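In structure tokens below, several structures.
Both complexes below contain chain A, partnered by chain B and then by chain C.
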Partner chain A sequence: MSFAPAGFITVRRVALAITFALLLTLPFWVGNSYYINISSQILLYAVFALALNVLVGYGGLVSLGHAGLFAIAGYTAALLLDAGHGHFVADVAAIVVTLAASAVFAVLALRSTGIGFLMITLALGQIVWGIAYRWASLTNGDNGLKITTRPSPFGLSLNGAPAFYYTTLLVFVVALVTMILFVRSPLGASLRGTRDQPRRMNALGYNVWLIRFFAFLFSGFWTAVSGLLFIYYNQFISPPIAALQTSAETLLMVISGGTATLLGPIAGAAILVIMKNVVSSYIERWNLVLGIIFVLIITFMPEGLVPGVTRLWRKGWSTLRGRKPEPEARKTGGHGS
Partner chain B sequence: MTMHRRKVLKGIAGAGVGLAALKAPYVWAQDAPFKIGLLTVKTGPLAQGGIQMEQGIATFLKQKQNTLGGRKIEFISADTGGNAAGAKTKAQELIEREKVNVVLGPLAAAELLAITDYVRDNQTPLISLGAAEDVTQRNANPFVIRASSTSGQCTHVLGDYAFKELKFKRAATVAEDWAFGYEQMAGFQRTFEEAGGKVVKKLWAPLNTPDFTPYIAQLANVDCVANGFAGSNPVKFMRAYADLGAKARFPLLAGWTAMDDALLRSLGDEAVGVVSAHWYSSSFDTPSNKQFVADMRKDYNVLPGGYSAGMYIAGQCVEAAIKLVGGKSVDGKTFADALHKVTLDDTPRGKFSLDRFGNVVGTVFVRKCERKDGQLVNTVVKTYPDVSQFWTYDEKAFLANPVYARDYPPAKNLE
Partner chain C sequence: MLRYIGFEEARLLAISSFAYGGLLFLLSSGFSLIFGLMRIPNLMHGSFFMLGAYFGVSMLEKGLTTDALKAIPKIGGAFNFLPSFTILPPNFFLIAIISGLLVAGIGALVERYLLRRLNGQELPQVLLTLGLSFVIADLCLMIWTGDPWQPATPAELRGVVQFGTLFFPLYRVAIIGIAVVIAVALWLMVDWTRLGAMIRAGVDDPQIARVCGIKVSQLFTLVFALGAGLAAFGGVVGAPYLSVYPGLDADMLPLALIVVILGGTGSLLGALVGSFLIGLLYNFGQAMVPDLSYVILFLPMLLVLVLRPQGLFGRSIP
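Let's turn to the complex of A and B:
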């Protein structure tokens, strides 16, 4: 951020503070529990998109299998709750199982990068979908699994929309903070290194495979957490959640918002959830509108919504102050800020 | 004095726009409008059925000038996209944001299962079109009624008819690889085998099968094939079935979605001769059905089938329940109880009542597809009156068994 004008940083800080204050008070000013629930959905998908962004944005590894991991967390929790276990056991087990699955995914998929990685993760995700769909004696097939209760940590019931929203917000903030720490950590820096210059990193003595493996686990962990939020939110899970469409939608959130940025996946999640759930009740052809939005984003802001708006904003700011816009190279170099 | 003042106010408003005067009776009525929410599917492979659902309820509300039992109706439609998570969010939209008094739909079984607990927790009655058996059986829900049919309700009849009237001895079944397919074919197998027949092959095709040839090629040495396809799959299946010459060798039987009257305009000669069991027939002679079919033809230029008739009948149930509670605003539980008490004499499917689980007991039609004056029609060849979801079985014994599934009841005669 050191290249940005001083005024810009202040604006950014103020904007972040306002956004956070708005999020914190959201249940009081939106009023209707339906919109509180939509906000919970945005936040839970934002956690999922942030998790995927670790690989897609910072690792340069495009995964189409994350819906599988997302569903594994949900199904594990649902099955254990169904078997009579408590929420704590179910949640911890869901995260452990998903981490184990992530490790298996990583070992198989990290044999290659690029298209190869994409195809292997796609196949693995579809296997999870196939199991959810066809192993009906375990997963109840197409009819899906229900859970009857949401957890009540410290005696606080999460049944109401505001209570669930605050839980999701808390998880979201923790996820965001760990993402910031991860990106700024040496591991995050070396992951970006393996994205941009894998051979040079190798030559410098870094274990490229191991760095990617850890990144995959980190991504898998937050995918599991978002999968848990999903199952507690819907209290229901069925095979379409594990299918390619979920992976593709999440990837769209990351790409449209801006890969390798922290705010991008959040913006992408907001766009997709709002289009799918809110706009669709006013416009029947909401798919078309969503498509147009994506085309516009790709055309005018190929780097994604958040970096794109930032670029336009800076340009506007500089013009306003009568300065020359900064050279292009510097801004594109600002990955990971 | 108040009268006078109101008159003046009305005069002021009315002077500007006639609209205010039009709204005046509404101001005078004590109750807010009664809100009906529809969960339907307008995008994806199930969209055709979903659009027909909306046409059905729209036709009913138009006939009634948007007033049921003295209550003004407000109608809100929501597109679930045909998946469980979408159904949940849209149910939240209808119930929490729009505060509807009753929900109609959804279409698919998985959608229905995803929201049954939710509507109960939120005390909102629901009139289902989704056929999932257990919603009105082992997991019966006091807030849900179903005036269409369970999955097995029509195929029980089909299995019985195939053996007893058509004298088929050996059958194969083919349906989509999902709960609706399993439950339908289980119902067929049960009555067909208990009558004395044998189901020797059960095939399952994925919902989005591009080509049915591999499944049709597996058929051999049977007297008939029962199919339980839904959505637009029956059209694809029947075409392939005729093209591959299977139709001439193995007569085709069909569940209600597989030979719905609304599909007829997409079908050709490949459909002629197909025998199906359906809880609705567009040719059934009741006053309300005549009016319904005529209005659907006029407004949408379509022959209605089960999807639109189901929602039309759901509208009739709402009207009957509003009358039962005297047109008053009541809470969800009271309204759900009233819905359970509904019996109707004149509906497009004839007269029916609901059993204690909220599922319909009504006529099932066996029809044969024919070409009359160049048009395909499903001619009713036999009617089974007062068919319950339990067919002729004892309710207790029926419910003591597991729910119908891919492997229940077990197929002992597979070859």
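Let's turn to the complex of A and C:
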């Protein structure tokens, strides 16, 4: 990913073009299907992290219940496929059901902001976990559900690693473009407004609640899409997907990369997926490592990795050209106000 | 889906419900104090409960001796150089208290050296405690393995107790008694002692309280340690009943959360009522609608959120 400073448009564009070209040709130079699959994982988690970032970064609303929405999409599709429905029906239904669940989550959680919002989403996420785990007659409990086939749009089979990678890449690019459009749209701007100055926005006549509600639905939509990618990737879903741990990992992707940036969650997803795969192949103690990373990032790099690296880059660039580094603009974080 | 239960079963369920509620109170009263008074969203509260329970089961095996250290799985070997030395015989409640004190010490360290640096920043505090809870969960899995541990009920509390013509398991009645005693003690402390007044002053206006000579910072460490200790004490007391297993922390944390949202943050009475309510729902739900028992637990919380967001006994904060 590129860490070019915002001021140097050409550098940034060249870097983005190179990155995109690399992503597009990835299966050819990587070769090994194991690594292609890890790249698919990174992209699908990046979609999930981008979706969560809409709320965490731009809305200042930290949700710990998104694993619940992710799992609702996965379970709905898996159950419908199990019942003999086609992929198209199952996927559309999964997105609709997840959007409905997002609306319920939003109505309940948006009664509060800040820590109240977090606690309520956490509890709602646990309800989904409870259904997945305990309502065994519906969800097959701990044993989970298998999905036997991947869809084959226009007769193209998605069974091979490269084919699935390109599907994920396509979805990822669409997600990224809609995120860019969302952030630049009036709705995105007013969402940031409600994050920084909810009272002023209210006084200006904006419906703060409704703006947040729409942001939640937008986030829920992309969470559903990433949930679908996830079940088609794994062809299996079980209750731990809905657990707090998944929400926490995704939140760590958003935060370690840097909230309220579009590159941050993507970088965070890449870092976490790679680390999870590397760590898990050496030791069983992924949770321990995850917890320690959490503590270290919070204690030493609270701004996240991408803003941190960008700051260092800018400082280095300015020093190289013999200028005094510009003073860091005071940024209002996602949790400020 | 719905299973009907008879009177005899309902009676036993009721006593179990109140015992479970008592345990929930030990867990959530500390959570409520920390969250309500100090505004720290402590997501490692379930970990304190589990850690206390694990300390308890290890000490219960051998009593309070150096042998207990050696009996800790995996890392116990490091203590083999110590001579066998007994401080106290294995007494259940003494061990519960010592376990509570140990975890209170850990809580104090976490508050003092990690949470204190993030004073007033709620999101980083959430993430820090969440991260620590993962670390503790994995360390416990490493040390005490994945098998569940269930200590025996203390000998003097086995058997049944008779009220009129009805018999109740003695240990469950004892848990209810302990919870009520602690509830009263906490209420007296917060509302009627100088210490409680100082804590309330420190919460309402830390700067003026400091000017008046109250050491607010130390008080907050104390409250955090107290909450952690109570949870750990509850963990040991609950161990013969719930047993101790990996994932106990993740099972208990949402319960503490719903109790506190239900009862109102910072309200001890709310925590008490909420605990018994959730205890009843949990036990009757499991007997009557086993598939949905976990989901039913959250219904009163959702109702309260919609109808009375500050909780049943919470002050509405402007």
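Throughout what follows, the second predicted complex is superposed on the first by the 300 of 337 C-alpha atoms of A that agree within 3 Å, B and C clash if a C-alpha of one lies under 4 Å from a C-alpha of the other, contacts with A are read in each partner's own complex, and residues count from 1 in each chain.
What we mean here is this: contacts are C-beta pairs under 8 Å (C-beta built on N, C-alpha and C of every residue); 3 or more make two chains touch, one makes a residue touch a chain.
This is a predicted model, so every value here is computed, not measured.
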item: Touching partner for A:Leu108 - first (chain B), second (chain C), both, neither; value: second
item: First, second, both or neither for A:Asn287, with chain B first and chain C second; value: both
item: Which of chain B and chain C A:Thr299 touches, first, second, both or neither; value: second
item: First, second, both or neither for A:Ala93, with chain B first and chain C second; value: neither
item: Which partner reaches more residues of chain A (counting touched residues only), chain B or chain C; value: C
item: Touching partner for A:Ala136 - first (chain B), second (chain C), both, neither; value: both
item: Touching partner for A:Leu251 - first (chain B), second (chain C), both, neither; value: second
item: Which superposed partner A:Met119 touches (first chain B, second chain C, both, neither); value: second
item: Touching partner for A:Val173 - first (chain B), second (chain C), both, neither; value: neither
item: Which superposed partner A:Gln235 touches (first chain B, second chain C, both, neither); value: first
item: Overlapping contact positions on chain A, where the chain C interface meets the chain B interface; value: 133-134, 136, 287
item: Chain A-touching residues of chain B, taken from the complex the two chains share; value: 42-43, 78-79, 81, 83-86, 88-90, 92-93, 96-97, 109-110, 113-114, 117-118, 132, 177-179, 405-406
item: Residue ranges of chain A touching chain C (in the complex, touch as defined); value: 62, 64, 108, 111-112, 114-115, 118-120, 122-124, 126-127, 130-131, 133-138, 243-245, 248, 251-252, 255, 285, 287-288, 290-295, 297-299, 302, 334-335
item: Contact set on chain C toward chain A in their complex; value: 39, 41, 114, 117-118, 121-124, 126-128, 130-139, 142, 250, 254, 257-258, 261, 290-295, 297-298, 301-302, 305-306, 309
item: Residues of chain A that touch chain B when the two form their complex; value: 32-35, 37-38, 41, 133-134, 136, 141-144, 146, 148, 161, 234-238, 240-241, 276-277, 280-281, 284, 287
